[in-house]
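Same chain, two partners: chain A is paired with chain B first, then with chain C.
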Partner chain A sequence: MTQAMLYAVFGIVLFGVGLFGVLAIAHVMKKILAINICGVGVFMVFIANASSGVAADFVPHAMVLTGIVVAVAGTAMALSLVVRINALEQQEEDA
Partner chain B sequence: MPISDVSSLLPLLVAIPLTGAIFSVLINSKHGQVLTGLLAALSLVLVICAILLGLPSEGLQSTAAFRYPLAGWQAPLGIALSLDGFSALLLTLTTFLVTVLTFYSAYYFSASPARVRFWPLWWLLVAGINALFLSADIFNVYVTLEIIGLAAVALVALSGNKAGLTAALRYLLVGLLGSLCYLMAVALLYHLYGTLDFAQLAAKADSNPLSWAALALITVGLVLKTALVPLHFWLPHAHGSAPAPVSAILSALVVKASFYLLVRFWMEILAPAVTNDALMLLGILGGLAILWGCIQALRATRLKLMVAYSTVAQIGYLFLLFPLLMSAEGVSESQLAAQHQSALAAVSYFIVAHACAKAAMFIAAGNIIHSLGHDDIAKLQGMAKYMPLSLFTFAIAGGSLIGLPPSAGFIAKWLMLNVAIDTHQWWWVVIILTGGLLAALAIFRVLDLAFIKPEHASEQVVPDNWQKVPVAMPLSGLALALCTMALGFNADLIIDLIMIGGGE
Partner chain C sequence: MFNDLTLGRNTQQKAGLPLGVLIMLVLAIAAACLFLIKALIDFGSAEQPLVTLVASNLAQSGVDNPVTAVLLNFRSYDTLLEVAVLLIVALAVMPASTEQSKLRFISVSVPTERSFVLEAFLRWLLPAIVVTSGYLLWTGAALPGGAFQAGALLAGAGILLLLAGHHSFNFNAPAARLLLVVGLAVFLLVGAAVILSSGIALAYPQAWAGMLILVIEVAATLTIAAILVLLFCALQVEPPRAKYEGPKKEEHS
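Entry: the complex of A and B
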């Protein structure tokens, strides 16, 4: 098994772990973390893709960078929604 | 023939709404934002008209799709935009609906503080939708899916109440998960075939376990975003708690965007990896969606929730496309191609009919909420007297959703029934007709209440804080509803458009 294969297999395992987390865990913060783990798994498969040629292929690198930007934006949005929902719940309790 | 002219117009369809988004941030005043919106909508209409006029006429049906390589870079490295009959139809539909909804939103948000945040997100969403329909690169499609997803979630969250925010969060998590499944498939496909371009993939793709895995991941991811039963759980609340113009565009266009991609992958890009069993499975889920969506629509107590569940049912009809693509034994290739054409024509008709009717219905529901402050179906008794235009719109759009002649919904169902009978799959006929009956029950339940007088004269239908809506609001809904009728009389328009560029 080459190094690239190892990366790809572990990437797929991480994707599975994340997927299980999103579906099985009810806690919303843990769901957000699980989605990030899922994303890391996908990125690792891309990186394994890049090294499978003779010279490193730069197209998967560009895709991973874009993927990371999207993941950050999505996570930020999810966290801000959680914060806002918690604030509203707090208000309800106080009232 | 001016092929290059049409191609060079394609980037404008993305650039115009993006410019609109930027100017909506810069120009913060109420009139400035509305003016930007109307200008952007107008220029989109002009561009799409120029493109439609530049398309070849009937004699040139075999013309390949128009391509525009961005910055002159060719595939596999460059990213291309492309246009064929199917995407041209969806872009025209998008432009039309966005124009009407922009007009509507100008009134809907006129007194609301959410206006400042609405306009930039609105144009970002439109840019994402147009870019998705034009993309010819599977990774670029991922980016457009995320632009659509993030903009749509932010728009759902505009209501700012707890129900809306919770629905938005769930929508966001579902969207991210769906995109990641899709992205994993992109990684697999790039590993297998070394390209991201639609046409190059279609030429190289074959049937092997990794292709199946990629197709399965793409399907799960996109089905999640399209909200096919049993993955529809997020849709009713997200569409039901968003502001009216947002619900309208989500139901009319955003779910269709991921469905469009599914069609691209199943009919074109990964067609060799498709099996009859898989096609049947999607069809069965579609049939379940029709029945389940209709039953839930019947049980809904809020008007917007009812309309949202009707979307779940209508998505089911779209997925009946897949079993109708199945190849029977002894069918020649040209017969199969003709069968694919007519199945795609029927589904395209469905997409257009549902988009117009559903946008009209959400506008009507939005007007009712705007006036009454609630959309509790049980309390709508006698409303027809106070909001005749909105209820008229609701009735016409409902007629199209049920599939009553002469509406576009009727033609769509008729075309679909024809293909089902031609391919000897009579069981879909039963499901399509049952779905129509159940939809009729749901819609007549509302109309029945709205048109009867309250039982007790003393019962107050209209609350004291009743607000009359500007007449432009019900009129824009009515325009959309009347479109479903007009399309019922001009069936050839859409079918001709689909045939351009091989139709697939």
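Entry: the complex of A and C
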């Protein structure tokens, strides 16, 4: 088993851990964190596979770079929804 | 404030899943992971036709860094859509009211709690961050670096500035709105303008490619930095009870 393969295997494990979090944890913030862990796992598999050949493949590198930015944007979107839900629940409790 | 935040309203949903379901879930995910790992190991090292494709076309891309060449030339649609995604998220988290659009982008005030260490540190750090960001942007043509790294670094500078408390950003100001869209606008303009010479959108003419990529990257860096700072600003939530004390009127401009 090469080093790159090890990284890819642990990327899959990270994805599994994140998937468990998404499905099993009810807390919304932790769910968002779990989705991020899933995403990191996918990025790790991508990057590890890119370096498994003779030369490093640059297309996955560029795609992961794009993916990181989109993941940040998605997380911010989810967090803003959480803030909104929290505000609405607060309103409901106050009423 | 998010200590007890779940989507379910009733207590049963808040308590989480029963133990049996959790064990089943763990087993199912473990089996799926093992299957994926086995598939990965069986797959071995595949042929990578893209490596030679990128290497043989690198000379035409206008830059020497293969990652930048892929991002902004070979697969520039990805990056264009990524900037668009950032803009959509920025629009989604922007404050809905437009009443502040007359105020200035950056307003200065003396914060109630001053952090002298951070303030003194910022005087040294901010210029260095801006210069490093410019360096990363420029060096992205030949070495690891580029618009995203430079934009993220600039956004870090903006967030540090916010944390020091002297400056606050108003993203409804015209200048801020310009910053938020300039990346996508320049990208689209350049992408459309090259149709005149090459006939295909986003297919830069070889002689101009390096220049056009730099122009797009400068605009994208500003937009990425502005949007990341906006995301940070928009998610800074006041304590839940404080917001019912009436709207704060702050007119520093």
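The working rule: the second predicted complex is superposed on the first by the 95 of 95 C-alpha atoms of A that agree within 3 Å, B and C clash if a C-alpha of one lies under 4 Å from a C-alpha of the other, contacts with A are read in each partner's own complex, and residues count from 1 in each chain.
FYI, a residue touches a chain if its C-beta (ideal position, glycine included) is under 8 Å from a C-beta of that chain, and two chains touch if they have at least 3 such contacts.
Since this is a predicted model, take the numbers as computed values, not measurements.
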Which of chain B and chain C A:46 touches, first, second, both or neither: first
First, second, both or neither for A:83, with chain B first and chain C second: second
Which superposed partner A:70 touches (first chain B, second chain C, both, neither): both
First, second, both or neither for A:59, with chain B first and chain C second: both
First (chain B), second (chain C), both or neither touched by A:22: first
Greater chain A contact set [chain C / chain B]: C
Which of chain B and chain C A:38 touches, first, second, both or neither: first
Footprint overlap on chain A, where chain B in one structure and chain C in the other make contact: 8, 15, 19, 28, 45, 52, 59, 63, 66, 70, 73-74, 77, 82, 85, 89
Chain B contact footprint on chain A (complex, rising order): 8, 15, 18-19, 22, 28, 31-32, 35, 38-39, 41-42, 45-46, 49, 52, 59-60, 63, 66-67, 70, 73-74, 77-78, 81-82, 84-85, 88-89, 92
For the chain C and chain A complex, residues of the former touching the latter: 1-2, 5-8, 13-17, 22, 25-26, 29-30, 32-33, 36-37, 40-41, 45-48, 50-51, 54-55, 66-67, 69-71, 74-75, 78-79, 82, 85-86, 89, 92-93, 148, 224, 227-228, 231, 234-235, 237, 240, 243-244
Interface residues, chain A side, partner chain C - complex: 1, 5, 8-9, 12-13, 15-16, 19-20, 23-29, 45, 52-59, 61-63, 65-66, 68-70, 72-74, 76-77, 79-80, 82-83, 85-87, 89-90, 94
Interfacial residue positions of chain B with respect to chain A in the complex: 77, 139, 142-143, 146, 149-150, 153-154, 157, 161-162, 165-166, 168-169, 172-173, 176-177, 179-180, 183-184, 186-188, 190-191, 196
